[in-house]
Amino acid sequence: MQAFPDDPAPPMIRQHNRRPDEMRPVSLERHYTRHAEGSVLVAFGDTRVLCNATVEDRVPGFLYRKKRGWVTAEYSMLPRSTGSRTAREAVRGKQSGRTQEIQRLIARSLRAAIDPEALGERTITVDCDVIQADGGTRTASITGGFVALADAVGWMLKRGRITSDPLIRSVASVSVGICGGTAITDLDYNEDSQADADMNVVMDDAGNFIEVQGTAELQPFSRELLDAMLRQAETACSNLFEIQRDVLSPD
Amino acid sequence: MQAFPDDPAPPMIRQHNRRPDEMRPVSLERHYTRHAEGSVLVAFGDTRVLCNATVEDRVPGFLYRKKRGWVTAEYSMLPRSTGSRTAREAVRGKQSGRTQEIQRLIARSLRAAIDPEALGERTITVDCDVIQADGGTRTASITGGFVALADAVGWMLKRGRITSDPLIRSVASVSVGICGGTAITDLDYNEDSQADADMNVVMDDAGNFIEVQGTAELQPFSRELLDAMLRQAETACSNLFEIQRDVLSPD
Amino acid sequence: MQAFPDDPAPPMIRQHNRRPDEMRPVSLERHYTRHAEGSVLVAFGDTRVLCNATVEDRVPGFLYRKKRGWVTAEYSMLPRSTGSRTAREAVRGKQSGRTQEIQRLIARSLRAAIDPEALGERTITVDCDVIQADGGTRTASITGGFVALADAVGWMLKRGRITSDPLIRSVASVSVGICGGTAITDLDYNEDSQADADMNVVMDDAGNFIEVQGTAELQPFSRELLDAMLRQAETACSNLFEIQRDVLSPD
Amino acid sequence: MQAFPDDPAPPMIRQHNRRPDEMRPVSLERHYTRHAEGSVLVAFGDTRVLCNATVEDRVPGFLYRKKRGWVTAEYSMLPRSTGSRTAREAVRGKQSGRTQEIQRLIARSLRAAIDPEALGERTITVDCDVIQADGGTRTASITGGFVALADAVGWMLKRGRITSDPLIRSVASVSVGICGGTAITDLDYNEDSQADADMNVVMDDAGNFIEVQGTAELQPFSRELLDAMLRQAETACSNLFEIQRDVLSPD
Amino acid sequence: MQAFPDDPAPPMIRQHNRRPDEMRPVSLERHYTRHAEGSVLVAFGDTRVLCNATVEDRVPGFLYRKKRGWVTAEYSMLPRSTGSRTAREAVRGKQSGRTQEIQRLIARSLRAAIDPEALGERTITVDCDVIQADGGTRTASITGGFVALADAVGWMLKRGRITSDPLIRSVASVSVGICGGTAITDLDYNEDSQADADMNVVMDDAGNFIEVQGTAELQPFSRELLDAMLRQAETACSNLFEIQRDVLSPD
Amino acid sequence: MQAFPDDPAPPMIRQHNRRPDEMRPVSLERHYTRHAEGSVLVAFGDTRVLCNATVEDRVPGFLYRKKRGWVTAEYSMLPRSTGSRTAREAVRGKQSGRTQEIQRLIARSLRAAIDPEALGERTITVDCDVIQADGGTRTASITGGFVALADAVGWMLKRGRITSDPLIRSVASVSVGICGGTAITDLDYNEDSQADADMNVVMDDAGNFIEVQGTAELQPFSRELLDAMLRQAETACSNLFEIQRDVLSPD
């Protein structure tokens, strides 16, 4: 739903006086539920997503007998995770285009963290269920989903299901955008709905890019602003990798 | 999936040394998420259900211009709320018969708590999403859903949306069953899968019955055992009404 | 759709001067169609249901190689079995929650009649198609479905498909309810739509309970009224077992 | 599933010594169920179809405010109307191509019997549910459906819902086919599965054609055989119009 | 949508001064796309259909290990092949009854051209996608689909996949109809929407009939007009066989 | 389906000796079909997509009475546009996640070209149907869809449906990727399936970005390679704008 108004957006004052390049408080709570092999409640500010990783000894048909594993993801919002109630997709009888696009992004991103041959003929499914939404649910899902994935890998290693560690890199994600001509980091819902453009960036801990998805919402953006967004994403992701390392280290 | 073996089930020793008529620890955490008009995380032991009540100024078609409101419910289990992963209903494209049966039971039960004329032309939808399952998800949903419903009513009263209180009774629910010839209260998953029979009972705080749903799983049950189950349900529900009153009183 | 009015329902005068505990005329016509292994047209008054039992030499996946059989059921109303036309479920693209709930009840009830090991790796499907509806379609379906099931078992025994009789008990069902403070038996459509509460009871011929499903439609009901309904159901079912025996004996 | 073998089919001996141009016994039982405005059980030999006509005071969107009525039809086979059980379309979640093709044919045929302006802004839906199938279910449905339609029209005239009779012609239908080089009339299931070709013909009582649907199943057919089939269809339909007149006259 | 008005249709003047028995210009462009084993763009006047034939080394379940092949077809209209946009069936979630009826007709017709035993355990799927519609899309699909089928057969013969030619006859199709009491050939969209009746005829190159599907749209038609339509169809099909031979000969 | 092999890809020799930054031959054929308000056949090498723009005087519900128009898009591949046949989405009953993701991208991109207020309460739907696929179907769809959109706008202006031109910028798109450590432009299917990374870039004719969607397929990519891909995309799009201008100028 784009309009391309002529007047520039007003200078943005962020909630809680956040600086343009400042993320919201991030937390990662491991072992949140007891059944899943990896279970992490991730919060980016008021956005809270439960990421559960499940290990199963089977692979999709196209990998049958290829001696390789698979990582996939599903995404869903609880009906009242949002300001007004969203109809339940199970009742409507199908997942929306938005849902499918997001879960394909999460799955591709997490797949980059795993060596499929070391995983062996197993599937890890990461379910990302949004308990409360305030912008950035897909980037929180990827960042928290990585920790759930790491826990599921640890679960397999501890039980001797696999002998070499299939984790080949860390993966984290953040959104960046343009408001009032300025690049900002980690948009909340209110900022997201006013932004001229926004971009979801998925990176690895070597500073390389796994996904870059930028969209002009209200105004096409220049190469300069694209570069500014990329720089802020690089900084934020390096911050997220530190948080992931901290929370994973005690084990 | 019934078999009717001749040998009686072994004498049941309950986890944590529960007595036959003893419920698991019950907790009700209000205001669990911030968007819903009523939001309660209910726990019956390891079973945890998030109950969110949403108020909307519209009614289904069959109540159009009848000056009456409506209460409905939806139920879902997160894919990994269970011991092994359950396929997501939004992906399969429809709700299972079990899901529909449960959400119809929750909705009928909560409807009994409300005077539809005092509610006016509004719908309250109670979403019950199972975060972690260990038996009794439908009885926990009804018991916690009532508190979310009461909070949604309080939200309307505080804002002057309605002037008279539409809550006409409290509603709570518990499961009872027969194991090894003995009636037991509030079955966990393990007990439920071994029980000869189980019954979900929904009551009001005047000691009357709203729903009674008993099923012989492995063995038809006598009138005597039916009466024993009903007695234990009466005791347990009166206990649940006390917990509901406690948690609702501070407001 | 519950309202809980204060004024008691008027004293009930039943059609054809039925006593409160009197069933409508019941008939069971065997061999109604020629293809099915068991085919019974059951009538409870104006309610007429065609119950066809089909024997197939396969079992659902979860019973694969378990040396056990399965009994299942499907239920449907012809579009004009009702006073106004009901949309065809095949056109709407799915079975309603009510349909699924009813067919799950019929299936569980009939499963109680069969020893799955004596049945062997076979499935018996009982299709209950309502030709004309006037209340009590699910209880008529169970009562008539049992006779169709017995005929399908007889068909297998006569042909030597099985050598020991898998029928371990008879199953019948009746509805009871509360109208104007009085318990009544076998409600017709008109009574059902005015009742304060109704209950479907499934029993075996030893006087034990297989299913008890009671619902307060307009008013929660006391333990006393619950007991009164159960007593009337016990009497009516014992009557139904006699009718089943009569109709099955001539063979 | 066509094969085009070189050897001619063996000379056909019809069941019950039917002559090639002889129909099976036809019966039309009116007022078969009590709710529908027209309700007819039609039998062509062992084929039995329940045709219920429903009158509703509404029209589909494309006729909104056009002062014209609509006639439509739906068709379904009970799962065990056939020799082996057919999966229920409501369970599979959609009507098959065959079902849709047949109900479109029935609807077009019955529409030819009605002046839509005299009907006024009403819809008549004719539900054709096959109780038992032995070939010719679509031609029985059209022939019986016409009588149900006439009864629904009579119901409207008697109640003054319409003042002029919208019935403008009678409609009946029969199948013809080619077996062993000979044209035969009203094929039963066994004949239908061996026929080289078959054709469904719908006619009016003035001897004109409403639908002609001929299909080469095993062998393309010559113009001579096509003419022979059409002649036999003309004879059989004129017979059916007499039976329809007889059954409709007593009223 | 039939009305049966009393006044005869006005004398028809056809576009481009076509005679009543004259077809529109027909063209068949082979090798239209590069991936399909047979790819033909067929035009009947402004009607343009892309027919792609695909060879696959598998058969449907009911032919498993029967040493026979299968020919099937699918049909679809591009959303804007029509004067106003038609909703995409993939978006609505199902194929319409009309689509299924047409693709079943195309498949049956093309099946008549093939000896399934000579084809061996292979499936040929002919996809008919309407690029531009102006009446007669199903007859163009059959006529062009036959050439795509022949090319797919040639592709298999050239590569030695099969050793004997499974093509046993040519198949072509044309529509005929009645306008203003006159039989006309190959109706365009405008004629089709005014015709009293129309008929699709599928023939083989020996002058026999494979399918005859005639429908009275506005007026039941006499045997004389039926015969006139059949004669014109015979002439037109013999013309189409010549065009098919010409286009297939250069290879 | 990612593997992250250690060995670098072999030096890439492109088909037809394309340079790394060279596009395939691009053609845009306007007025390809006669019904649509804009109809363009676009080719990027062997990739051919038919883009039809439809103007309708209605808007989706969320724009009702907002005095603004809407631009949307749908995307589909003909079953045999690909090397092996892809199942038809209308038959499978839903659009794949890939299809929805692509059509959402096309729609957002084309929306950027239009001032919704100047369009008024109208919807323009751009249908992109892939006739033949060889990589880059989404970028060809956007580039050709823009010309169809411009033609639909011209159609409205010529007829006085709108008075001011709602086209505010030109939009074009190209894919870029990384093969063997080198950035390449406009990948064909073969290149796409071997690339380490690929990116779809949508730009406007002022050199700003509308969409940037980069994905690491086999290897996360550095900021340097990201910058190289962006530079080549800028060059290629400026080339595409010239071709668009040429083809649109003669009118």
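Labels for the chains are A, B, C, D, E and F, by order of writing; each one numbers its residues from 1.
To be clear about the criterion, a residue touches a chain if its C-beta (ideal position, glycine included) is under 8 Å from a C-beta of that chain, and two chains touch if they have at least 3 such contacts.
Quick caveat, the model's predicted, so the values are computed rather than measured.
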Q: Would you identify the chain whose Cα-based centre sits farthest away from the centre of chain E?
A: B
Q.
How many angstrom lie between the centres of chain D and chain E, each centre taken as the mean Cα position?
A. 27
**Q.** Centre-of-Cα separation between chain F and chain D, whole angstrom
**A.** 51
Q. When the C-alpha atoms of chain A and chain D are each averaged to a single point, how far apart are the two points in Å?
A. 59
Q | Averaged-CA centre spacing for the pair chain B and chain A, given as whole angstrom | A | 34
Q: Going through chain D residue by residue, note those that touch at least 2 other chains and give them in order.
A: 93-94
Q: Based on the touch definition given at the start, go ahead and assign the chain network to line, ring, star, complete or other.
A: ring
Q: Could you read off the chains around the ring in order, chain E leading and chain F following?
A: E, F, A, B, C, D
**Q.** Residue ranges of chain E in contact with chain D within the complex
**A.** 1-4, 62, 68, 94, 97-98, 100-101, 103-104, 108, 111-112, 115-117, 168-169, 199, 203-204, 206-216, 220-223, 226, 230, 234
Q. If you look only at chain D, which of its residues touch chain C in the complex?
A. 33-36, 39, 46, 48, 50, 52, 54, 56, 74, 76, 78-85, 88-91, 93-95, 99, 125, 127, 129, 131-133
